[in-house]
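Take a look at this one; I'll ask things after.
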Amino acid sequence: MAAGFKTAEPLEYHRSFLKENCRPDGRELSEFRSTTLNIGSISTADGSALVKLGNTTIICGIKAELTNPTVDAPGKGYIVPNVDLPPLCSSRFRPGPPGEQAQAASQFIADIIESSEVIKKEDLCIGRGKLCWVLYCDIMCLDYDGNILDACVVALLAALKTTQLPEVTINKETSAPEVNFEKKHKLNIHRHPVSVSFCIFDDSILIVDPTAEEESLSTARLTVVMDEEDQLCSLHKPGGTPLSGEKLQECIKRATARKGEIHKLIEKVIKSMKTAQ
Amino acid sequence: VSFLRRSKFEEGGMMEVSASNNVSLREFGCEQNLLSRPDGSASFVQGDTSVMAGVYGPAEVKVSKEIYDRATLEVLLQPKVGPAGVREQSQEQCVRETCEAALLLSLHPRSSLTLILQVLHDDGSLLSCCLNAACMALMDAGLSMSCLFCGVTCAIGADGDIIADPTAAQEKESRALMTFAIDSTERRVMMSSTKGSFSVQELQECVAVSQKASEKVFQFYRDSVRRRYSKNL
Amino acid sequence: MKETPLSNCERDFLLRAIEEKKRLDGRQTYDYRKLKITFGTDYGCCFVDLGQTRVMAQVSCELVAPKENRPTEGILFFNIELSPMASPSFEQGRQSELSVKLNRQLERCLRNSKCIDTESLCVVSGEKVWQVRVDVHTLNNDGNLMDAASVAAITALCHFRRPDVAIQGEEVTVFSPEERDPIPLSVYHMPISVSFAFFQQGTFLLVDPCEREERVMDGLLMIAMNKHREICSIQSSGGIMLLKDQVMRCSKIASVKVSEITELISQALLNDKAARKAGGKCGFAESMPQDRITALKMDQTDVEMTNVSQTGSGVILQGDEAPPPTVPSPVVPVPGVGQVGQGLQSWGLEEEEEDDDDEEEESSGDDQVEEVTQIKLSEKDKKEAAVVEISDSEEEEVVILYPETTEKSKNSGSRSDQKGAAASKKRQKK
């Protein structure tokens, strides 16, 4: 009976749960799904992390390559994020060139890297105007069940934190780069942004960490990105139902709590790796 | 607790003094119904920034894009130089979802609406100008809307003061940039797009500034429509 | 979206009128519609209104490597964008027959006529030259897009200023407009396209057809000419046969129209130059008609700023009233894996006891949260200790199963650890 009701009237089905301040999967309105983080999942990448947010699974690998800096910014390296939503992760995606959602997600991740200055691009420069690092951050969705942005940001941050780059010096005589694989050092992560996404149901009910089904039934989406010093890096609401300043404040407040959770998680996991070694 | 709260208020009061001088909107203007082919058209000018908008529809829709209970809205943003890129796409998405929330799309099921925005000159606050031009063009096309909307861009300068409707030079120097779409009924935030990092206090102040500024824009909407339907100039 | 079809009676009416030497808008056979040229705020931006037809051209430039066979010449690039704004039948991002035709005609008219000195665009021979790009956007299509586009493009090219450059050794410096005055392009002559529409197999001819007339015409002849009466390009389309006399007559008409239009362009450029010199505001905002009831302008306005920060902090304080939610501590079942969240589902390893606890936790009210986290903390401590022990013992197991992974264990540690943990779990159950 319940299954039939869910298929025939999905919106009504969700409403009947929301009326009781809970959601079909048993969560409260402001409750995240359990978040699982695994670092160092890809041995061939310079840094990697796998994140599960309920069923949503995101893997992020970081590959560093040596390249020439651009003419406009000779003292800076650069970071190229890319979010891939392959047909593997959900039947809603088709093979071929990246769709609108994948492009929007890539743009969003690029904006966050830019706005929050996770990594100072100057740190990636080796020789001014001659040599710099380019970090390819490939983020792939393995299972799509809503709220990929939050999972992507956690995966990206954890992967960047585990990334180790070999020391590179420029030979003064031949001006050829010399890579010393023995000596590796960690990237300097300046700030730790954490993203929190919300959905609005029926123009009034705010829910956090929406599943794919909740996302498709909602009337608006909102993503707040905050770093450890309570500075906002992004408040992205592409449109939809209007929200008052007070409601925005509620979302920010939830984000403040969540960001502490994620920071603790990342720190603890990295620490556990160190003790295991 | 009450003591703490008061001291926080005073802090806010201090900041207001430094910010109040800079907040003004550049001159703005609008011309509606200036193109003969589209069903609705408008050009909106904010200082030197200007955007032209044209609306076609409701018209027949491609089967692949048909939605059974409402109209399909497509938004295209044409940059001045070169083909549209990823940045334009994300701005298109912002404008489209804002318009979708304002328009009563269920009045025209299985039909298409197309909104084309052409950038004529970019001197800062481009996204808010796009939103304003879009709203005026939708009004000109006579489409039913549940509310009007307007766009306001706020920049936070290096010294922390808020500049509303910044020019391109001011945008470049700013630490953070936020664009909000505000609805006309309750002055709530329909769309938000930000760049750079800022504190919660700064965000809420910018929302408040945008809400104040939106009243000027809505008054302008009202004046221009009144003028349009008046008998004399 | 499809173009609205033209009805038969409308078609008959139009053709009958043309036979009687009458046009819909009251023009004579050889009359152009009103041509209006305005400029944008930056250099190289030009708007052209030809009756209701409206186009915009924008010129831009960048430094690129030259073509291999022409190392000392700059590059000219033209693009007419048939924006869906101009007509519902134009589709975004699709190369239609019309757009190909217009683009080729514009290239022939402006590039192949060598009206711009491309050699002056060379900065370092074989290495760096200016690429000048002309984007023409159609805003409203009421017929004769070609003539409007050609006028807009050549006017924009005349109006454009490129940044000044200096070469010192191998270094190329590009100066901003504030540092050094930008330089205009050297334009040898101004080719302008004039279109003729033919009806009834060439019996009747009209200059500057509007959109309705274009839809009933049999053929089109486009002549691009400069004011020295030199033909730069001539193209006939639509498959009609023209007599030599007809072409000659058209070229005579074209020469008159071209000299009129060239005069207008020069005048517009002069006016704009004077306005810019006087320091007055120019551009699209200024060209907005003030006397129409559809247009309105508002001067710079101040926004009332009192209470703004009060409202801001008021909103924040309101939100602050609720106590901050407690942050649950993450759980690390095995090194390299961590979990956080209330409804902890284990990942790869089953922990039945845990699940039960969590369900209880969910059902418990908010006031108990702190207690619960405390419990969790201690639990986690226990578990962590347990895991560490296990991982010590399990190392051997891994060695037996995957002898080759011992060296790689740094990288693939998490994977083997996980397996080990699963194995150890079983042992725990025993």
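Order of writing sets the labels: A, B and C. Residues in every chain begin at 1.
Note that a contact is a pair of C-beta atoms (placed from the backbone, for glycine too) under 8 Å apart; a residue touches a chain by one contact, two chains touch by 3 or more.
Being a predicted model, the structure only gives us computed values, none of them experimental.
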Most central chain, judged by mean C-alpha position against the global CA mean: C
What chain pair shows the greatest number of contacts? B-C
So, what's the distance in Å between the C-alpha centres of chain C and chain A? 27
Approximate Å spacing (C-alpha centroids) for the pair chain B, chain C: 19
Quick one: which residues in chain A touch 2 or more of the other chains? 245, 248-249, 252
So which stretches of chain B touch two or more other chains? 200, 204, 207-208
Do you know which chain C residues sit against two or more other chains? 311-312, 315-316
Residues of chain B that touch chain C when the two form their complex: 5, 8-9, 11-13, 15-16, 19-20, 23-38, 43, 45, 47-48, 50, 52, 54, 56, 59-60, 76, 78, 80-82, 112, 114, 116, 118, 120-121, 123, 164, 200-201, 204-205, 207-209, 212-213, 216, 220, 223-224, 227-228, 230, 233
Would you mind writing out the residues of chain C in touch with chain A in their complex? 311-312, 315-316, 318-320, 322, 324-325, 327-330, 332, 334-345, 347, 362, 388, 391, 408, 410-415, 417
Any idea which chain A residues touch chain B in the complex? 100, 103-104, 106-108, 111, 114-117, 191, 219-220, 222, 227, 230-245, 248-249, 252
Going by the contact rule at the top, pick out the chain B residues touching chain A in the complex. 86-87, 89-90, 93-101, 147, 176, 178, 181-183, 186, 188-200, 203-204, 207-208, 211
Note: in the complex, chain C contacts chain B through residues 1-2, 40-42, 45, 52, 54, 56, 58, 60, 81, 83-88, 92, 133, 135, 137, 139-142, 283-285, 288-289, 291-313, 315-317
